[in-house]
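Which chain is which? They are A, B and C, in the order written, and residues in each are numbered from 1.
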Amino acid sequence: MYVCVDFNAVREFHNGEYSKQTFLNYPRVMLFEFQLSAPRADFYNITSKVREAIAKSGVAAGIAVVYCPHTTAGITINENADPDVVHDLLIGLDKAFPDRAEFRHAEGNSAAHLKASAVGSSATIIVNNGKLVLGTWQSIYFCEFDPPRERTFFVKVVNCL
Amino acid sequence: MYVCVDFNAVREFHNGEYSKQTFLNYPRVMLFEFQLSAPRADFYNITSKVREAIAKSGVAAGIAVVYCPHTTAGITINENADPDVVHDLLIGLDKAFPDRAEFRHAEGNSAAHLKASAVGSSATIIVNNGKLVLGTWQSIYFCEFDPPRERTFFVKVVNCL
Amino acid sequence: MYVCVDFNAVREFHNGEYSKQTFLNYPRVMLFEFQLSAPRADFYNITSKVREAIAKSGVAAGIAVVYCPHTTAGITINENADPDVVHDLLIGLDKAFPDRAEFRHAEGNSAAHLKASAVGSSATIIVNNGKLVLGTWQSIYFCEFDPPRERTFFVKVVNCL
């Protein structure tokens, strides 16, 4: 007995026999790793990379989890139109989470660790019709708080009808 | 050969033949869009809307992603019992992320963008037995930081046994 | 007709007939509840508990959602190597979100509610090859902001090829 849980196959089934082709395409790649050079404290727009992962996954409907495996960087979603917004976000986070005399961590980057926990290590975005469901002004950012660094981030695409 | 990946069908199968009905119900609606009027800076309790989406999806076990497509608003989970908590949260965020002379963004709402990244653009909640797994005092809030606005939010229900 | 959407079964199928065994293991347990004693304001490392949940679920590829059902505690991912980082994170959050004269909430723990919304009520981590995809220095923390408390947290494992 042959079972295929590829959801595209199931959709095709509704029109008759599903093709043997779907087996050859299975399993799909659903986890993507990207490299990023982060020479300065900044929010790096990675939306196009997340779109690339979704396109390669072939997923039509589901969610995408963008994950930062570092402890002095994070992922956030914010405005993409006026670059002054990112400028102001960096200042606002510096003011809310400054370096402090009471800090003990010898590496001296506790403020960057604080910002990482404040913005968070991941963002979850909805995927529909093969596209990210983002607002008009939204982009996905890799937030570098402890530069310069060579960084990695992951995109996991979850297929769900 | 007939294949159905509807998980309810699979559960029914364990009790014998699954019914042809399950095919007719497939595919389910899993993505829901809601409108919200936000006349003032406030946390708007949207828990009942998220529950409505889960009920309509028919999903018994999985997760729900509540997503805000705006850059001066966010989603958070916090106390629903004493309205003074939301009052204090608004003040505490205002104090941590005030408007600043150094800000450049001409629209003048950089503090709202900061609060959006601090609380985050989404919340992920577990679904079990067709219900949200929330703590006794938890509700899901749409956080408006740049009023007045007409807003949208999405609920994506992910079915997973 | 027999249908099994267990993804391991599907993988086994590629090597020939899948075994009847997979039916007996189905459905898998995918939602786990843990108890935690939190005698003081601290970040409690719960990474080993999340790993335990993933191992018990048998899931090879997917995501794990770690969820805090309390409103004066949260979940974050941060450094596990130098305990001074957590020391500094607690101080930095205290300074950014102090108790304030304007607060009205009679319980007097509004600062803890603020920290809960700042770090967030959940973390989503990618699972690959049956393991958490964490960075070298990352651990998952339950953040207690209103001690002493007896706490609960959930781990939902989502299976997705």
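Following the convention adopted for this analysis, contacts are C-beta pairs under 8 Å (C-beta built on N, C-alpha and C of every residue); 3 or more make two chains touch, one makes a residue touch a chain.
Keep in mind the model is a prediction, meaning the values are calculated, not measured.
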Legend entry - Same vs different contact residues, subunit A with subunit B, by half of numbers used: different
Inset, instruction - Superimpose the Cα atoms of subunit B on the matching ones in subunit C and note the rotation angle, 0 to 180, in steps of 5 degrees. - result: 120
Inset, instruction - Just give me the whole-number Å value for how far the CA centre of subunit A lies from that of subunit B. - result: 18
Inset, instruction - Would you mind listing the residues of subunit A that make contact with two or more other chains? - result: 1-5, 96, 118, 120, 124, 158, 160
Legend entry - Contact set on subunit A toward subunit B in their complex: 1-5, 7, 9-11, 13, 18, 61-63, 76-79, 82, 84-85, 87-89, 91-93, 95-96, 118-120, 123-126, 128, 133-138, 158, 160-161
Legend entry - Parts of subunit C lying in touch with subunit B, wherever the complex brings them together: 1-5, 27-28, 30-31, 65, 67-71, 96-97, 100, 102-107, 110-111, 113-114, 116-118, 120-122, 124, 152, 154, 156, 158-160
